[in-house]
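The letters A, B, C and D name the chains in turn, as written, and every chain counts its residues from 1.
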Amino acid sequence: MIRNFFEWVMGPMGRIAVLITALSLFSLTAFGIYQTQQPPDQPIEFTHKLHVGLGIQCLYCHPGALRGPSPGLPTQTKCWGCHQQMEKTFDPNFPELSEKLVGYIERNEPIPWVPVAQVPDFVHFTHRPHIAAGLNCENCHGDMTQVEIAENPQVLNMGWCLNCHRERAANDPEKLVKLTDCGTCHY
Amino acid sequence: MSENISRRDFLKLATVGAATTAVLTGCGPASRYIKREPYMEMPEYTYNGLSTYYATTCRECAAGCGLIVRTMQGRAIKVEGNSNNPVNLGKTCARGQATLHGLYNPDRVQGPLKRTRGTPFDLRTNVSVTWDEAVQVVADAINNNNPSEVAFLLGMAPDHLFDLVSDLANAIGAPAPIRYGALSMFEARATLIKASENLFGTAALPFFDIANSDLVLSFGANFLETWLSPVAYTRGFAKMRRGNPKRRGHFIQFESRISQTAAKADEWIPIRPGTESLVAAAIGRLVAEAKGGAVSEVFANVDLNEVLSSADIKLETLEHVAEMVGEAESAIVIPGGSALGLSNGLQTAETILTLNALADNFGKPGGVYLSPFLPNQDTYHRPASAQEMAEFIEKMKSGDVKVLFVHGVNPLFELPESLGFADALGSVQEVISFAVFPDETALASDYIFPDHHGLESWGYQRVATGTEQSVLSGAQPVVSPNYDTRATADVLLAASQALPFKDEMEFLQSKFASLVGQADDSFSAPEINTFTAYFQQHGGWWKKSSELVSPSATDTLGRNFAVEQAEFAGEGEFFFLPFVSPTLGEAGANKPWLQELPDPTTTVMWNTWVEMNPETAHELHIENDDVVKIISEAGEVEAPVYLYPAIRPDTIAMPFGQGHTAYGRYAAGRGANPAKLLGQHFNEAGDLAFAGMRVRIEKIEGKKQMLSRLESRIGVYNEGLEEH
Amino acid sequence: MTAASESLPHLEKGHAGPHEAHEDIRQYLMFDPKPRGEMNAMVMESMLTTSWKFWVVFGILAFLVATCFIYAWGYMIAEGLWVAGVMRPSYWGIFLVNTVFWIGISHAGTFISAILRVFKAEFRRPFTRAAELMTTFGLIQAGASIFMHLGRVWLAYWLFPIPNVRQLWPNFHSPLMWDLLAITTYILGSTMYLFLPLIPDLAMARDRSTGWRKTFYKILALGFRGTEGEWTHLHTAMNFFAFAIIPVMFSVHTIVSWDFAMAMRPGWSSTVFGPYFVLGALHSGMGAVAVVLFIMRVTMKHMDYFLRAEHFDALGKLMLIVSFAYSYFFFNDYIVQWYGGDRWTDTLLHWLEEGPMAWMFYQLIFLNIALPWLTLWNKKIRQTPWLLALIGLLINLGMYWERYLIVPVMLTINRMPFTWKLYEPRIEIFLTIGTFSLFLLFYLAASRLIPLIPVWEVQEGQMAHSLRKVGKTHLPSVSEVDLTMQ
Amino acid sequence: MGIDLNLVGAKGAIAEEAEGKWGMVIDQDLCTGCQACVAACAMENNLSFVGEEDAGYGRTQHWIRIERFWEGAYPEVKATAFQPMLCQQCGHAPCEPVCPVFATPHSPAQEINLQVYNRCVGTRYCANNCPYQVRSFNWRDYHLEPFHANNVDGQLVYPLHNQFNPDVTVRRRGVMEKCTFCIQRIHQAEDKAKSEGREVHDGEFTTACAQACPANAITFGRMDDHESLVSQLAHQDRGIKHLEELNTLPRITYLKEG
């Protein structure tokens, strides 16, 4: 029986079947991995590309990065501050604005954003020292002028953090000690 | 055939592929995406990821410690002491730390309820009402009844609600509100105040300046646990021990068991319960004799030999203590709850204060003062004594109370069962509870209109004792209310038009008015709104310098009264000593982390125990964890035994704080309540003679209950490792 | 199979010897040769004869494995370690007892097989296979037990040095790391060492079976045909492994002992723990071999031919010697610790002597020391298989107690008397039943799948043994097997 | 290259160099055993409570426990001084080398012992090897027990979780934990000091236990600053270190009674 199977596999049909099987397995895996890397659905299809392209500074909407651990999401009054002055906001051709944004504002409901750049809860990341060290937002978050809907930067892992820490502390042993200490991030 | 195989394989592979996808997706970053909602408008002083701190007052007991609560994004995270508040100077006790477990307790009353008395607490069977209806119920209760038949029962704290209810009662012509708390019973506060009235002519709580004394004699005063103002007295103790680099204060405790306080004493002298006044008088006599000159009559009348035999104490011990008192620069003697909660309690208190007079420490550093008079205080308020409660219960029973409002107190649990509060409730037509938690009394009420938790509410609290100056500790909400609760002050103000205030805040400001612009304040504010803002910011208002009053003691030593042994009620071979659990206090049982804290002396967690001397237990064939029934004339309870090496063989002791039948999932059905054993015996000052009971015990054969102890039975008691 | 049909000239001479000598000699396997074909058939038959009783036992064990091993472990993973009895201060419980116990059991296999092979102890021949299987199967249980004990077993791969994005490596300072490496080395080495001597027998089985078995053996036998070159290579490989695995075996249990000895605890921190553990392992392993041999002899066909009183006798002697050595180290450990007079060690010894687990301590002394000393000097006892097996079983019980005392009972006593608490096993009991069942299940499966008697080794031995005439008497003697003659 | 004083086990004068960065002094003459530190620690560090049965069986999660023993027999019985026992942050810690995955490394920057929860696989070797027995293991997800939850529209809601300190990881089952010297507060203070271009000064912050202690028995601060309060207290005659003979170089000094 096994022999028959082997013989079949060695034949032309078998080869095709093996090829198809391998291809489908490969593509399914690829699809699966691709699925995990998709940006999540956002309540409003907010495009960073457009806003950053208009010259709005990152820290205008995410000022917490200067001060503390979390950059924060802009309050809705901040969104509305600009958008209420724009005709486009109320243009029915832009339902993301005229329906969704206006809807949230009118209902006085918070917009349930889904942040994409996250670290696990056992990593105590603080923005302030990173900004203070002269890093720019795009060093970690990528070039947001090229990103429509926010995507996971896909780089936030420990090795990546450590590489940068090592690089930046290359000439300062004391700093290196501090920046590669487990307790700097994990507690 | 080959086609069949390949098709089937395809299906299988597809399944595998789908599963792989599911697994990978499940593990991938997508699975961790969460939603995050921004503020509509950023609240003032709030920054993303940074904490905001609010000053407020601890409501876990009536001491009035100042707190700073760390909040983050609208959640209270951590309680810290307010280092400016003179009561606690930045420190907190365990109960204060765990107050957040009250705030976020899963068993809180989440909205106004109408209920059938005695039914279990369950939101499905309790009918929710709206707050408008609730206010109407309260209004009807106040307005449709004869004011003399409306009664208010409040908690122990002298807070703004008490002032408001007093004013309200005054305005509508109802009897003044009654304040009660089990702590005041176990401290025998009424006795202490009565004694100071008898001796000094002022009904005020004495302030014992142990910080500056070099010898502390304490007769059962648990000032490191729950007594009066534990954080303040602990600070005093620390100063007494290490504050002066030249000397280390000496501390002697007279008590029938080693309590947490006695554990810190340099000497523990286990005298027989009921002989405290005799021992104090004997010490007085020896001291006076050593000093030379006249021995005051109180002391002279004591027969030393009789004291030695009745108090079970050696003459050398007495002489040694007397010698220390004689040599001390500033000796102080403190009367504690278990010494005063006896038939002769008032006598004991007076003897002990007289002993202080002999040590000549009135109004001197390291001596006895009177607590300062407090803002907004006309006469010296004190919580009701047990006798006053008994009278109130009689009034309830006679049907003279039609409506009873209960706030901040749980008399069904805290009062001895023999006083008959449960029966008396039956004669009250309408019981309205403002409880935060579904406690026993709330369940026996017709309505629960829950107040905010202390950390969600406004207010102030007078600090009765523990500080040198008058303090009004301030409270403000640190978080917005978690549930549909409403401030009781607001409910009462809305229900009754008798007081001219729009809301709680307006009432508070009316009380602040007299304080604006006073000299020597902790802050100076020109007008009321600034005052209110500073009051919140500082966590209260207080004077900067000491306002302690020296007792006007004229001829204290010349007074004469009989000093006798206390009488004990009931039959039985044991003296019964209930004490307030140092970790739980009277109302901590529903806070899981307090339950998890080991008792300082026995390290028992989550339960009640009976302390018994190992020798006695051995004679009675009782072992650790054997459940015994304790029977007094008033009732009986069952609890497992802890063989406690530091208790008199003729005494058994039990902590108060557990034994709830309600009060949430962490408290209900856990442990036993020693208050069930207490009979109706009062001392002359009206305090319950809670330490004056005799009990007998019965071993329940075959019943054991393992007590959860932090300590090792092997390492501490050599179980399984007998001495060789 | 050309060699199989050759006659054995030396033994022919033996047969021709005096009658008394003949009677005397025939009781030894090596002097009771059977033709190769017959012997092969006997082994095949023992493997293929399966009664319903086998399946009943197999079913029970499989059920126990499914419930007590797979389900119980899964439950513990799902629920967390609270279902076990571990707590402060006994953070390690029966899991580590089992680990040490199974590693101990696994030692005898290699000891018997490799050491006796290297030293050419002839009585080893019929039971090397059973012993080697014990090594592999025991190590599997040990590995499982150590993983059971992990709080987050799903992250166990972090213990292995796998390059990863976190740029983290395991800590090579940790005795547990050494342990892991040693056990991994040992399990790989011993499995190969099990497999090499198996090849000729698998080839034999291949030639004598049909159906799926044929395919099975065909794959496993790696095309072994018994040519001269193959035998030479096989012997070289076996020699190589026999020598190589001996230091590994000693190191493994020494390293296991270091898990304890390196720790800063009274009772554990003992320099003699290394050899003490090795001897303890051999002690329990020998006992386990006796039990396994007895069970084989009783339950499998034709085994009374291969496993004879002489083998039990020799094993009994070995057990006695090992128990002497064990006693030496036992007293060396305890007495030196006692003499040290350290406060905590004193308390610990006191705890062992008088504490609630004292019965275990006294049983340990009786079962591991007194029992073998009192019984094994007697040839009759040694030659009675069921008695030897019983003694082996009791020694194993004693050795289990020993590990139990070392792990949870000694953990009770530390330098903080406030924390002393006595451990109570909970789900560990089921998991222990599970590992024992799995071990036995493996044996049962193996008894149907591979020849438990290394036939070729027995045949080789019989070829090498002869009676030589010295003067007028015939004396048994052993000659090196001349491999080239085959 | 200097010698690693921790490794050579320096005593006496050179040992001062090895005293580390952060230190604590506990005055046993003042400690009243009131458990305020235990509660404060629990609230600050998201410790789980484990319930009656597990607590009695030796599974409490206290990072600090207060020990007391008895001396003598009635009536001359005496309770020994209350002894708060917490991680001693040893300079030469027995727990560190035994972890196979570096989950409990020594922090070179803070000179304390770390516990990296997310690295821990739960061998519990560190806890066995800790002579002070101050490590606690998460035997189960105590805080996720449905018993603590309210059922709100079919969903389990845990009101107590609102209290969790976001600066401290909430530990799941299977990992070891222990006192961290409130490292989150250390970081906060250092971060603040750095942003203001200065060193952290003595008394700027303290651990949760020291902050709560009503008797002021616990003092925390910089040991490498000889002017600091903690350093001054630690060098009093009354000071002892526990199990010093094991050469663990504990960072906590106990001041004896009397």
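We take it that a contact is a pair of C-beta atoms (placed from the backbone, for glycine too) under 8 Å apart; a residue touches a chain by one contact, two chains touch by 3 or more.
This structure is a prediction, so every number in the text was calculated from the model and none was measured.
Comparing per-chain C-alpha centres with the mean over every protein C-alpha atom, the closest match is chain D. Counting C-beta pairs in contact across A-C and across A-D shows that the higher total falls to A-D. If you average the Cα atoms of subunit A and of subunit C, the two centres end up 55 Å apart. Between subunit A and subunit D, the centres computed from C-alpha atoms are 37 Å apart. Here the CA centre of subunit B is 29 Å from the CA centre of subunit D. Distance between subunit A and subunit B, defined via averaged C-alpha coordinates, is recorded as 52 Å.
The residues of subunit C that reach two or more other chains are 168, 416-419, 421, listed in rising order. Each of residues 120 in subunit A touches at least two other chains.
Among the residues of subunit B, those touching two or more other chains are numbered 710-711, 716.
Arrangement of the chains shown, judged by which pairs touch: all-to-all, with no pair of chains left without contact. Interface of subunit D with subunit B (complex): residues 27, 29-30, 32-36, 38-40, 42-44, 47, 49-53, 55-57, 60, 62, 65-70, 73-75, 77-79, 82, 147-150, 158-166, 208, 211-217, 258. On subunit A, the positions that touch subunit B within their shared complex are 8, 13-14, 17, 20-21, 24-25, 28-29, 31-33, 35-38, 40, 64, 67-77, 108, 110-116, 118, 120, 152.
Subunit C meets subunit A in the complex at residues 164-168, 215.
Within the complex, the subunit C residues that touch subunit D are 79-82, 86-92, 149-153, 155-156, 158-159, 168-171, 173-177, 180, 259, 262-265, 411, 414-419, 421. By the touch criterion stated above, subunit A contacts subunit C in their complex at residues 2, 157-160, 162.
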